[in-house]
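Below are structures written as structure tokens.
Here come two complexes built around chain A, the first alongside chain B, the second alongside chain C.
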Partner chain A sequence: MSAKPKFAMYWAASCGGCEIAVLNIHEKILDVDANFDVVFWPVAMDAKYKDVEAMEDGSILLTLWNGGIRNDENEHIAHLLRKKSKILVAFGSCACEGCIPGLANFVPVKELVDTAFTTISTDNPQNLRPQTTYAMPEGEIHIPTLYPQLRTLDQVVDVDYYMPGCPPESHQIGAVIDLVVQVLQGKAQLPPKGAVIGAGNSTVCDECKRKRNVKTIKEFGRIQLTHADPELCLLEQGIPCNGVATRSGCNARCPTAGAQCIGCYGPAEGVIDYGARLISAFASVIDADKPEEIERILDGLVDPAGQFYRFNLAGSLLRAGKSAWKG
Partner chain B sequence: MTEKFEPVIIGFTCNWCSYRAADMAGTARMKYAPNIRLIRLMCSGRLDPTFVFKAFEGGADAVMISGCHPGDCHYVEQNYKALRRFHLMKRVLTQMGIEPGRLKLVWASAAEGAILTDTINKYVEEVRLLGPLNWPAKKIGTVSTPVMEVAA
Partner chain C sequence: MQRITIDPITRLEGHGKIEIFLDDAGNVANTYFQIPELRGFERFCVGRPVEELPLLTNRICGVCPEAHHMAAAKATDAVYHVEVPRTGKMLRELLYSAFYVTDHTTHFYALAGPDFVMGPDAPVAERNILGVIHKVGLEIGGKVIQCRKYGHTVVEMIGGRKVHPCTSIPGGLTKGITEEQRKEIEEMGKWAIDFALFSLKLFNDIVLGNKAYVDLILGDVYTHQTYYMGTVDEKNHVNFYDGKVRVVDPDGKELVKYAPKDYAENIAEHVEPWTYLKFPYLKKVGWKGFVDGKDSGVYCATPLSRLNAADGMATPRAQEEYEKFYKTLGGKPVHQRLATHWARLIELLYAAERWVELATDPEITSSNYHAIPTEKPTEGVGIVEAPRGTLTHHYWTDERGVVTKVNLIVGTTNNYAPISMSINKAARNLIKQGTVVTEPLLNMVEMAFRIYDPCFGCATHSLPGQMPLEVTIRNAAGEPIKVLKQFVD
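And now, the complex of A and B:
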């Protein structure tokens, strides 16, 4: 084998979109191949956990980890790859802050499994449930055990860098690969540990080209039910757009295309709790001073917690509904 | 449980009215329950919902927000922002599994020391009835997994 630095990518509780985003960098993927020896990447190549276990500690230079920690297998591999990697990157929203899989933290695991195995869209006449161990004639077999709630990667192991986005934009991934290649050639330096890479330092609003005036909201509306002005700030039109608290880096793709920002790039620089920042912003521009009137306007926000924590529930200060952590 | 539950309540007061009210209560030797810990902000409009969530995350059983009466704000209308945030926060907290009774908004002018102490004392009893929040700060993961530390 060559002496090229080693590269790994792993998925835990995620959808696979991050892997596609990596392939979406087009010919830059050849730079990855030219500069790295891909040693472990379950989606793209055949490698076993025991191969990773056999590697020397710290022998993988760069590991991109996408997905949250949902079960004991995820956690085991997180510890394993942490040990084997020099640089561990929480890649994508799931690893950084929980993302959509983290929304399951609103409910206990039992409810989660019941929904998956008993609701109308499921054909399960024997009412079966997955068992974590099962005795076969050949011996006992195991599948991973679900945890009471999903955790972000840095709630489980030490993380070197964060790369937000659902998924991270391909041009940002390309830029990060360029940077790593330059570091390898001694032409650039790595950012300080804990930095957010492949994203901006500002908010989506900062990159958004829509016109902004003074915001006063008399009514919240859902974008599919309104004819939004294509030039005007969406929040000003009462459409709950999360751009105000969301990190820049995507070139304000959604608002530019006519959809509200849903916050996939996570909290902007300096924001401790993403949802709290949005509560602050949204509530401030409601044009009402009477409690009843405020309540009426707030009724337009159908699912406030879902609106404010769609990507951030597992990483939020309050993190989860009480029932979730009890299992 | 034989021991009486003593709730911890974080109270955010504004510099111009409600903190003065608490100050007046102190000067006049009016007593209020020590369960509340008052934090002074310049204005109730300064109250970032992050403060409230941080208080809950850090173990508070309830949070009280207080400011000048509507129309009396030193900064003209910022207490209305506090009011709107309060209503929205309540909705979100409910969805997150925190009873709405654990967040309270009180208007108190600088002259209303007696009213404030009375409100605080009543609120402490209300929260006592609700019981401890037992926020799961350090309890997630299964028994077999190491207990996770909360990032600051």
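And now, the complex of A and C:
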């Protein structure tokens, strides 16, 4: 076994896009290979929990964790990798703030399962649901238990750094790898614990090339129902674009392609609650002085809960993990 | 009763686990392939604006978000009863063709290729993409990386992002492409055609030129006779983006050809209480359990299935390869599941040819890529062929276009029953009374489901792509008596 520092990457309740984003750094993946021993990375190499259990505590230098904590298996591995890792990074939106699967926290877990097992194409005359332990004629078989809520990684274990994005942009991943390699060579220092890495310190709006005219709006529109001007700020055209509350780092990719920012890089620096920040930003562009006029304009936002907490419900004050967990 | 547990196999939109039970004589009594995860998209997409579903459902799978983006966008078109302008449809299909080239390439080189190029019983340390590169030359590794880059470049140009594209909306797209971009896309597409032809030649030389592999392909261990599903155009040629879903029986005769909106009359999902995933089957035939044959509603939706369900390919060079495929394997339909790898390469060539066809269409740079919906949103179904099977999205909305109900039948899910059957058959054939369970045997079990490229497959792009496996053999008291591992140092 070489003396290179050890690297691990793991997915919990995630989609695999974070892994693809890492592979999309192309040749730079060879830097990872040159500087690290990849000891655990289910997608690419070795998926054995038992081998991780056998490692000495703290023996993995760097673990990138993606995915939220949806079931008991996810939680078990989170504790295991925390124990074995010197540096644990919440990698991607799911681990940092819950991401789209965190929208499940609006409903009880029973409803998630009930819905899936009663759709129009489901043939379920006995109204069965998955059982975590099931006695087959040959013996008992098991599947993990779904938790009542999806939790972020730092609601379960101590996290050293946060790397936002759904998924993190490949150029940002490349930059973080460069930094870690420099730290290993003694040429750079690690940022302070708890820092957000691989992202900017301002907002998506600051990176967006669309023109802003400090214009206010009389109504919110829907992107499919308008021909949006490709040069002008989407929000000022009434399209509910989340760029103003969202952390920079992606080069304003979606607004550049004509689509609204949906907030995947999470709250901008210094923002405690993303939804609250976005509500105040939207309020500031509404051009109305009568309450009923304000009501009418706000009715144009057909899904306020989703609009304001699309990526960060699980990590937000609205569902601040641990207290909601008890309920 | 002895038990063999394979846990975890890695990704199938989550994690997977296999339980193999042996009877007292040491023969396989039964196998269970369990999916231990459920995230609840069908429930929490309710209440969201329907135009967000192409963005939210992307996050079902980051390996093939393009497939969800397209099926979702088509479902939203249907919800709004809007016809996407020709340029809009072509741009979506162009993005999708480039995605297919990338996805099929990586599956072949990183996952399936090593079994053939290196051999199913080659040393574990060599039976991976690096082994392939060492054997056939560094140049090929460079080409695979180049292919991924080109594919993702096109996805980003049209879709706005490399992962989780964002530009498809009800009625079309938020942006088009410039002439400059078109030229670049065309050049990359021509390169992709050459790469596809090269890959087919490689398959021809290494696999078809080796009698042992041909025997393996034609043998019984990996053969099942089921129904086959695939989307076809009006000439019954394979299409990935649009058309009708055609199903043929085990004799190759058409059972049904249905429009997306009629999917629920044709497909139902059987429930077992020991797994979080359902088992789709053909409603007209019925669920008869995990069995082959004409009387069993089990169907398969893979590259092989698409070729079996179609009458041919829509592009000339892919058609030549299609004809050669059936000539070599003794006519249609082909039931030997290992031939899926060859079928995948024929689809790769088709996708590359289609990429260039679309990139050279005079209307591809038109600004007419979006039609504003004018009708009230109601309900709609969108279907595309994901690389891993027919993908169905069905949405219902209120009159504001807010989602009230969602039903999804996802690519890999189609193949849940066939994968389970393939695992069972491979295990029964390979593990018998007195068999010493060895590592190559594990790999042969692994090959049974690698055929289907379940979702973890393409995620192994450009890295050693062996699926890690550990098999624990326990005695009747549940105590481990032997542990076998691969990719576990």
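Simple rule for what comes next: the second predicted complex is superposed on the first by the 308 of 327 C-alpha atoms of A that agree within 3 Å, B and C clash if a C-alpha of one lies under 4 Å from a C-alpha of the other, contacts with A are read in each partner's own complex, and residues count from 1 in each chain.
The definition used in the following text is that contacts are C-beta pairs under 8 Å (C-beta built on N, C-alpha and C of every residue); 3 or more make two chains touch, one makes a residue touch a chain.
Not measured: the values here are computed from a predicted model.
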Which superposed partner A:E75 touches (first chain B, second chain C, both, neither): first
Chain B versus chain C as contact partner of A:L225, first or second or both or neither: second
First (chain B), second (chain C), both or neither touched by A:A305: both
Of chain C and chain B, partner touching more chain A residues: C
Contacts of A:G139 with chain B and chain C, given as first, second, both or neither: second
Touched partner set for A:F106, first chain B, second chain C, both or neither: both
Which superposed partner A:I279 touches (first chain B, second chain C, both, neither): first
First, second, both or neither for A:Q155, with chain B first and chain C second: first
Partner chain in contact with A:C18 - chain B first, chain C second, else both or neither: second
A:T216 touches, of chain B and chain C: first, second, both or neither? neither
Residues of chain A at both interfaces, chain B in one complex, chain C in the other: 106, 303, 305-306
For the chain A and chain B complex, residues of the former touching the latter: 72, 75, 106, 145, 147-149, 151, 154-156, 272-273, 275-277, 279-280, 282-284, 286, 288-289, 291, 294-295, 298, 301, 303-306, 308, 316-327
List of chain B residues in touch with chain A within their complex: 48-50, 52-54, 56-57, 70, 77, 80-81, 83-85, 87-89, 91-93, 95-98, 134-136, 139-142, 144-145, 148, 151
In the complex, chain A residues that touch chain C: 1, 11, 13-21, 23-24, 26-27, 29, 42-51, 70-71, 73, 99-101, 103-104, 106-107, 109, 111-113, 115-117, 119-124, 126, 128-131, 134, 136-139, 141, 143-144, 146, 166-167, 170, 222-228, 230, 253-254, 256-259, 262, 264, 302-303, 305-306, 310
Chain A partner contacts - residues on chain C that touch it in the complex: 1, 3, 8-11, 13-15, 17, 19, 21, 29-30, 32, 34-45, 47-49, 51-52, 55-56, 58-63, 65, 76, 80, 145, 148-149, 152, 159-164, 166-167, 169-171, 173-175, 263-264, 267-276, 278, 280-281, 287, 370, 372-373, 394, 400-402, 407, 409, 455-456, 459-468, 470, 485, 487-489
